[in-house]
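Structures for review follow.
Each of the two complexes below includes subunit A, the first together with subunit B, the second together with subunit C.
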Partner chain A sequence: MGVSPRSADDSPVHRLNPLTKLVFAVTVTVSAFALTMTWWPLLLFCAAVLPMVIASGTLRKFFPMLLALWVPIALTVYVIQGFFYPETSRVVAEIGPLELKYEGLVFATQTALRIMVLMGGFFLLLLTTRPGALMSAMTQRGMSPKTVYVVSAALQIAPALAGRAQGILHAQQARGLPVKGLRGRVRALVPMAGPLILGALTDVGDRAVAMETRGFGTSRRPTFLTEVPDTAAQRVARTVMGLCALTAVVANVFGVLR
Partner chain B sequence: MGGPAALLALCGYTLGAMLTVSGAVAGLPTTTVALLPVAITINIVMGKIVYFSGLPLQLDSIGTVLVGVLAGPAAGAATGALASIVVGMTITPGALPYAVTAALIGFVAGTLARAGWFRRVPTALLAGGVIGVFAGVVSAPITAFVFGNAGGTVGQSAVIATFQAYGNSMLKAASLQGLVADPLDKALTVALALTLLAGLPSGYVHRFPFVQQHRVLAVHRLVPRRT
Partner chain C sequence: MVLRIDSLIHRYPNGTTALAGVSLAVRAGERVAVMGPNGAGKSTLARHLIGIARPTSGTVEVDGRDAARLGIAGLARSVGFVFQNPDDQLHATTVAKEVGFGPRNLGFPADRRTALTTWALRVTGLTAEADSHPRHLSFGERKRVALASVLAMDTPVIVLDEPTTGQDHRSITLLEELIGDLHKKGKTIIAITHDTDFCAENFDRIVVLADGRVRWDGPVERWLEGAQDPSVSAFEQPQMTRLGRRLGWPAPVVTVDGFLDRLTDHAETTG
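And now, the complex of A and B:
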């Protein structure tokens, strides 16, 4: 799936506690949406997100991923809001019957930049953090082991299903299912997907029994095999970022900086 | 412009999703917990296939509806919210703000299943329509304020642009698009979920106490009701 290629390399950003990076992503997102100056999210992106990305050494992966998702959204928002933004007065240009409006363009710029910060912050988290490490950090902070299991298992289930899909395909081909050409592939979808999904669903019962025999769902707090490293400086940084986000929200609510 | 509404939609929805997950997951039995990852995978795979087909449909809640019907509103809500988080961690962070919508889809599906709407096909499809109305209305603030009405597929954006061109406000255009597309989308979702249920061995659904207690599905007319 999309964002799985995670660099194995090491950097100060990679070594940060996953929670610190999560709080960072949330804080930049909230700040980007809280202040209403049009170019503020771009400043935030260049001053906060970009330095972190450069420090992590993932620039080459970060930008293709960000642009692949962000450019279509940005283009769409410019087209829709540039031409069809409600209650506008200033017309910048006329293209055929359509009028390009100033207010629409300002709104589109602001929205596109905000989305860039949202995606940038979370891509930084994803590129520099193994999902497993994030999940262990969350468990150690008191998140329910059931939630952690569901997310971790959902992240790992795709490779397992791909292997089984191959097996089903071979079994159906052995029964004479033609899978050559586009039409054959589309027609093979139902005899492929049926056994795959139903098989995955029927496995659930056995897995639940296996999990219970291993003590899943116990009400006691488990101990941890690996402690996720954390430092006092990061704890302080998380508190400061949390306060920044809170300040931004309060400023937004009371209409300061508008 | 758009500031407070965008922030309110974003923060309120995220907080709602977090509370939903922490509240709903804790009480689930292990059989249901083991079902959730599979349901989430079904959501993601179908959602991707439909997304790349370019249709103005989503069909990314089949697993959520399935869990809602088999295991009840709380389990359905947890499936939806966690599916959004998993998509946010693997495919696009743009799915994260929609976590509450996804949770609501599972919750409504479970509630209607408890009320017996899934016993017959016509009422089940109607249930899909009702789920779609909820989904359309609740996702509209996110689509309008956070994504500037540009977050969805090309088809969705085209419909929204049309509504805005006829002079509707952004929120109204997003809501109208939701009310036009989502009931159909969710009715199809329910139909596909029922097809999956019909393919499962009959003993399988009996494992879920919710199905037995509330006689959720028609086949259980033969099973004596537990009181």
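And now, the complex of A and C:
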């Protein structure tokens, strides 16, 4: 049985035009990376992303998804930046030959928080939007179907691969493959990664042929089975968010709000 | 009983009830085909047999042990499961290594591992492909590699998920011979299938699922007697059964051998 990450609930956030949610995700991401105050991304997450997640009613799906992906990345960032920060800086602690540096930890905190905002914005989009609706909305705004497909595929690849990985894990475990403990996990790497990667590559080839045979590559402008609703208020909101993102980039370029 | 399923209910997180109180007992050495329309709960039932799924309520026991508690790895020595999609498991660089993967994981000694791998390759018609890369084989051949890799684990119970899908006539004949050989060895074979001809020729007992419930459990011939029953009419009947009905024979025949016996009896009776 296929499991979609999209919540079955309907909420005002679900009903927003997918482009509005996409622009929201891009704006919070650009803002988080453009402005360099350390705690700015956390403020952005709490003030913008979190209220949207709460309004969408997807909190119970959002946080497990976010933590499962963000925590390993954040830990990696802390280890790399904390111990190997390139600039000479204050040493907080020493572990054997390794030195934990203060500036490295600050930079790691900022980077991890920025990644949290990025993931938060796009997970919100993923959990509240049908991929088909996003594709239709973008194509209706005049974007090339090929570009739209790339964006949509990028958003769907994580849950699709996770589902496939689960199937592969079960198939290998059924053949007695131990996957518990560090040694088991290392041993499971090749039997897991091989079918996963090769399967994904085969799927890409098959899907490309299937889409081409159904006229995806045609130069004619496609028609739409369903119109994705949009409102004047949302168009204004998207413009405002775009301006906010632009302002953040300009502020970064001119060194304002540091 | 090698398998005992008692009042099994499985409800998915989205509220769909896939199994609504299934009870089933399978003796060692039985050949059981599980049939049913799409969405009947066949795959969910199969997932319980290897400990992938956990019951919402009810129990699944394999050799008297709780399958949900043992989990997939714990059941690997008891139940071999041939997944429908072989590409979910093929990772080794040669067919022989792929087939030897399970026995190695189970810690079999080298001589037993080699003997089982050689045997599994032979009975699946893959000896000539032992050194080939699994990904270079056709889909049907890859399915046979997946089957061989499970056979090499020498489990007492073998579950086949849609074993005839994508298989040519030669492969199906090989599979039928193999099921007969495994039956003689005392293995329990359970197949999830839509193929009534395959089911009629190779299985003693049929379990028909619909809407998550068992609608029929018994011999194939008895099932086909109720031709008007919705659990029967939902399937294309075996060719021999259809031919027998066209000839006006009241009791259904299901196998080629059965048809020939009936024809001989008929010829003797009519002089």
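We take it that the second predicted complex is superposed on the first by the 177 of 258 C-alpha atoms of A that agree within 3 Å, B and C clash if a C-alpha of one lies under 4 Å from a C-alpha of the other, contacts with A are read in each partner's own complex, and residues count from 1 in each chain.
The working rule: a residue touches a chain if its C-beta (ideal position, glycine included) is under 8 Å from a C-beta of that chain, and two chains touch if they have at least 3 such contacts.
Treat the numbers as computed from the prediction; the structure is a model and nothing was measured.
Chemist: Tell me which partner A:194 touches in the superposition: subunit B (first), subunit C (second), both or neither.
Modeler: In the superposition, A:194 touches subunit B and subunit C alike.
Chemist: Of the partners subunit B and subunit C, which touch A:107 in the superposed model: first, second, both, neither?
Modeler: After superposition on chain A, A:107 lies in contact with subunit B alone.
Chemist: Tell me which partner A:79 touches in the superposition: subunit B (first), subunit C (second), both or neither.
Modeler: first
Chemist: Under the stated touch criterion, which partner chain does A:174 make contact with: subunit B (first), subunit C (second), both, or neither?
Modeler: In the superposed model, A:174 contacts subunit C only, not subunit B.
Chemist: Which chain, subunit B or subunit C, is in touch with more residues of subunit A?
Modeler: For subunit A, the partner with the higher number of touched residues is B.
Chemist: Just checking: does A:59 make contact with subunit B only, subunit C only, both, or neither of them? Give me first, second, both or neither.
Modeler: neither
Chemist: Check the residue A:202 against both partner chains and state whether it touches subunit B (first), subunit C (second), both, or neither.
Modeler: both
Chemist: What part of subunit A is shared between its subunit B contacts and its subunit C contacts?
Modeler: 1, 194, 198, 202
Chemist: Please name which positions on subunit C make contact with subunit A in the complex.
Modeler: Going by the criterion above, the answer is residues 12, 14, 16, 18, 44, 50, 52, 71-73, 75-77, 79-81, 83, 85, 87-91, 101-102, 105-106, 135, 149-150, 153.
Chemist: Can you check the complex and tell me which residues of subunit A touch subunit C?
Modeler: 1, 8, 164, 167-168, 170-180, 190-195, 198-199, 202
Chemist: Which part of subunit B faces subunit A closely enough to touch in the complex?
Modeler: Going through subunit B, the ones touching subunit A are 1-4, 6-7, 10-11, 21-22, 25-26, 28-31, 33-38, 40-42, 44, 78, 82-83, 85-86, 88-94, 96, 146-151, 154, 157, 160-161, 164-165, 167-170, 196, 199-201, 204, 207.
Chemist: Which part of subunit A faces subunit B closely enough to touch in the complex?
Modeler: Listed in rising order, the residues are 1-4, 29-30, 33-36, 69, 73-74, 76-77, 79-81, 83-86, 103, 106-108, 110-112, 114-115, 118-119, 121-123, 126, 131, 143-144, 146-147, 149-151, 153-155, 157-158, 161, 194, 197-198, 200-205, 207-208, 211-212, 216-217, 249, 252-253, 255, 258.
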